[in-house]
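Note that the chains take the letters A, B and C in the order they are written out, and that residue 1 is the start of every chain.
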Amino acid sequence: MATSTWFSSCLLNEGSIVSLPTKSYAGLTCNYSRLFDKQIFCSKPISVSAGLRHSLRNGIQCRALEIENSPSFSVGNKFQLDDVIEAQQFDREILSAIFEVAREMEKIEKNSLGSQILKGYLMATLFYEPSTRTRLSFESAMKRLGGEVLTTENAREFSSAAKGETLEDTIRTVEGYSDIIVMRHFESGAARRAAATASIPIINAGDGPGQHPTQALLDVYTIDREIGKLDGIKVALVGDLANGRTVRSLAYLLAKYQDVKIYFVSPEVVKMKDDIKDYLTSKGVTWEESADLIEVASKCDVVYQTRIQRERFGERIDLYEEARGKYIVDRDVLNVMQKHAVVMHPLPRLDEITIDVDADPRGAYFRQAKNGLYIRMALLKLLLVGW
Amino acid sequence: MATSTWFSSCLLNEGSIVSLPTKSYAGLTCNYSRLFDKQIFCSKPISVSAGLRHSLRNGIQCRALEIENSPSFSVGNKFQLDDVIEAQQFDREILSAIFEVAREMEKIEKNSLGSQILKGYLMATLFYEPSTRTRLSFESAMKRLGGEVLTTENAREFSSAAKGETLEDTIRTVEGYSDIIVMRHFESGAARRAAATASIPIINAGDGPGQHPTQALLDVYTIDREIGKLDGIKVALVGDLANGRTVRSLAYLLAKYQDVKIYFVSPEVVKMKDDIKDYLTSKGVTWEESADLIEVASKCDVVYQTRIQRERFGERIDLYEEARGKYIVDRDVLNVMQKHAVVMHPLPRLDEITIDVDADPRGAYFRQAKNGLYIRMALLKLLLVGW
Amino acid sequence: MATSTWFSSCLLNEGSIVSLPTKSYAGLTCNYSRLFDKQIFCSKPISVSAGLRHSLRNGIQCRALEIENSPSFSVGNKFQLDDVIEAQQFDREILSAIFEVAREMEKIEKNSLGSQILKGYLMATLFYEPSTRTRLSFESAMKRLGGEVLTTENAREFSSAAKGETLEDTIRTVEGYSDIIVMRHFESGAARRAAATASIPIINAGDGPGQHPTQALLDVYTIDREIGKLDGIKVALVGDLANGRTVRSLAYLLAKYQDVKIYFVSPEVVKMKDDIKDYLTSKGVTWEESADLIEVASKCDVVYQTRIQRERFGERIDLYEEARGKYIVDRDVLNVMQKHAVVMHPLPRLDEITIDVDADPRGAYFRQAKNGLYIRMALLKLLLVGW
């Protein structure tokens, strides 16, 4: 969401019916949130955008174009969430607040006949590369809250992008049809560019090798739900640690907690890279590499397994075959794990977790997938109607 | 829907708010239906699954994993429908009960401003091969009843299946996002595997050369609606009888009625196979093969025409061309048909029914397609909220 | 929508519950609209079709199969809109009435928590070729009014069409599942064929090189909204005037207004064709060709830029490159334009408008895209529930 800090003269209260000029002035858009009886000053005519729909129902607030220079959260004692672009934008306090909302969402999803919290809101899923699982999770989240969805599963091939339209132009068009955009793109940084253009909230549902922040949030939420704490936990990251953005983002977020210990267990060819190791060290997180999964599993609260991605090995099928069979989570691993510990996996899995693990209550990966629904419900609620 | 017969200690009444443990125990899931003031005993902690959503609104019931060993219908004086997997699961009594609900659905679809019977429910259409007609019919059925839909039109290519995920894992993920799954798959038996895994209802919308039970139901429903009876009817099955799962399923279901006479009229290369003939004979259904469509049509209540499928002939285009022109339903056929008789076709049709037949009230194929909507509305209602 | 003028004996008032026979008689279908206490006579049994859903809520009316022979609008003092097939079907009075409804739609979209005007109605988007922008715009319009949507993005490849089904058969099936069909097709005239078959309204969302009437409507609506008038305006049509159906339709519609002056500014290879020039002359519209964009821009109310379409040049990339760089709308053009004038573009744009124009309030193209939403909301409302 493009924002402005440039306040000055037009005084609006919640509930005012604002008469807007037809023309919009570049770089000046508005985001309105639940400010209740606060008074907000706007300096210039406000762009006529979809963002306005929410606004006139609530209060009004203006902010600056550079999202990097402004805090993501700022309203009253609560945080104000504008966009979800990368895992790094969240601090411990914000994570905790989001998790609290996700817990409410669990109750809503299980007990009610269909919430109407987001009734009248429209989410566009703008997917430049397909990801059925992620898309269904977001669409389910929106619909469980009474909202509606516009879908593009194959925006890259089908849309105007094929004719050479810029991402910015596509965003300016789609924001006219919806209230929030969930975007998946093949290029790192695409979500940030979209957010800098849009006057409505953007959620990054994965941008190439870059970020997939809702996956990182649901992973941390799952650890919190399953283990009951985040400070002091011991986590084994297993499998492809070089290429998986999942484990990298998770390592990053875990560094926000106290007394965390991380074990890296991976084939030599896909070891965790030095940038993450250095980052963890700088944040006071203890980590070590190990080749002994059984020994590590016996000590950890969480064994986070990942898939070895064949596509990363190119012609070297021999290296792939060697790597994929090296660390398997099976009954032998379960047998040494503590009673309270869990096995996690971002899915899809192949055979890196054997199916007999599914029957054990400590196999948490399908609950983890379900937690993605609650996290996404929470984020949609926070972005569209606030706390 | 995976079910359990393993009852014992936890007592729940309708309306109880059940506090559920976080962990799920394998092989134990629950299905809740309208049991009203019945008391039900459950032996173990219950899995936290989407199935739970409906449950806590109503009553609670537990059943065993082997659907083959348990009756499909069992609650009170009414039937309990868990999944729709194959035509053979329905007996005469159940068919009659479903048709009664389908009649109610006709009224709802025609007269009301939009029913809210399934408000708050979410259906996932998980299509591993595209079938626009079938998908739209199910999605329309769900929306006509106030429900919502998550769509995947091309699950085979796009989803995690492409990365090697098993069907069972996909089902376990998707059941977390929805209340019922309508699945089309390219492999025979896929729907049964999905139902054995899922804790929510599965509807088979066609699995390869296997089953397409909702098509079979709508065919029988159409005969009942158009002719007014099923016992004692005379039906001509025309065209490709070797490859069409439609005519095979229809023959199977017709065998449940009394004094049925079936005529097979087909080119030599696509004759009805012996397994169906033997089955009909064993059930006391009279059948005969004929090469004279005009003579057969003059005696029948229903002329059920089918498309000769070019793709079944491979290189032998000559055989295809010979077969496809052999039995055409045209004005000459209509002229010998009785006033009350009808022409049916599962659609799409090419030229095996000439378009001048469309203008005759006895051309029932578009009404037949519409009946698919009512049958699917009825099944969705029965699976989600019961009778 | 297939219609009938053949009235005679069955008397129905609004609110009557009509008992319908099961069989439909060819060529006789019904359209029901808000006729309130008017009395209407029908001669024959009425087809059982989706069109009936609306009908029984309101009044009833019968009309003939030949849409060409009947006026598009005819009820009371207001117009009755049956289908939207081509720009030519609208006259000045109708355009003005539609624009009035579009203005109401702007208010609904901006101020309300979600309108329920079309609650219970189902729109099918039957797209035989993909057009994400147009599809999202229609689907957003439907959902902003509380309606529901069935989507097929790739009907050509996926549907029964691939098996050889005629468009007419597809329409007869899909009309059973929905209340209105928005269709995009690769063949000119397809929308008209669909409308002649369907008993529910059809909107043409582009049929090959033929028509794209909702684009033409939104263009004229945008000029009216931005400039405040249509009579007496001066419009420059710039870019590919030979191949763009947009500028051709716009020229056609502008001819309905008084004292309009049109300037054609285009590379030699893609000049406006004589049929449109002759048509304008016959309608008394003054036009001239010019090679001087700066001089033309200084005089016009609207500079309507279009994309040079590479695909039209085949092997002659040299001609394409020469043509595309010739007339660019940039700051130099803006500098000579009048304060009240605007730059329009049907989008997507490449570099024929430089991005620094976006920041100027006279860059109206994203507002123009948004107006497409209001026009489509208005048309859906008019076709489904009337004025």
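Here are a few things to note about the model shown:
In this section, a residue touches a chain if its C-beta (ideal position, glycine included) is under 8 Å from a C-beta of that chain, and two chains touch if they have at least 3 such contacts.
Which chain is which protein? Per UniProt: A, B, C = aspartate carbamoyltransferase.
Everything numeric here is computed off the predicted structure, so don't read it as measured data.
Counting the residue numbers that touch the partner chain, subunit A and subunit C have less than half of them in common.
Taking only C-alpha atoms, you rotate subunit A by 120 degrees to land it on subunit B; that is to the nearest 5. Mean C-alpha positions place subunit A and subunit C at a centre distance of 39 Å. Of all residues in subunit B, those touching 2 or more other chains are 151, 153, listed in ascending order. In the complex of the two chains, the subunit A residues touching subunit C come out as 17, 22-27, 48, 52-53, 56-57, 119-122, 124, 148, 150-155, 157-160, 163-165, 168-170, 172-174, 176-178. Subunit B meets subunit C in the complex at residues 109-114, 130-133, 136-137, 139-140, 143-144, 151, 153, 225-226, 307, 347-350, 355, 358-362, 366-367, 369-370, 373.
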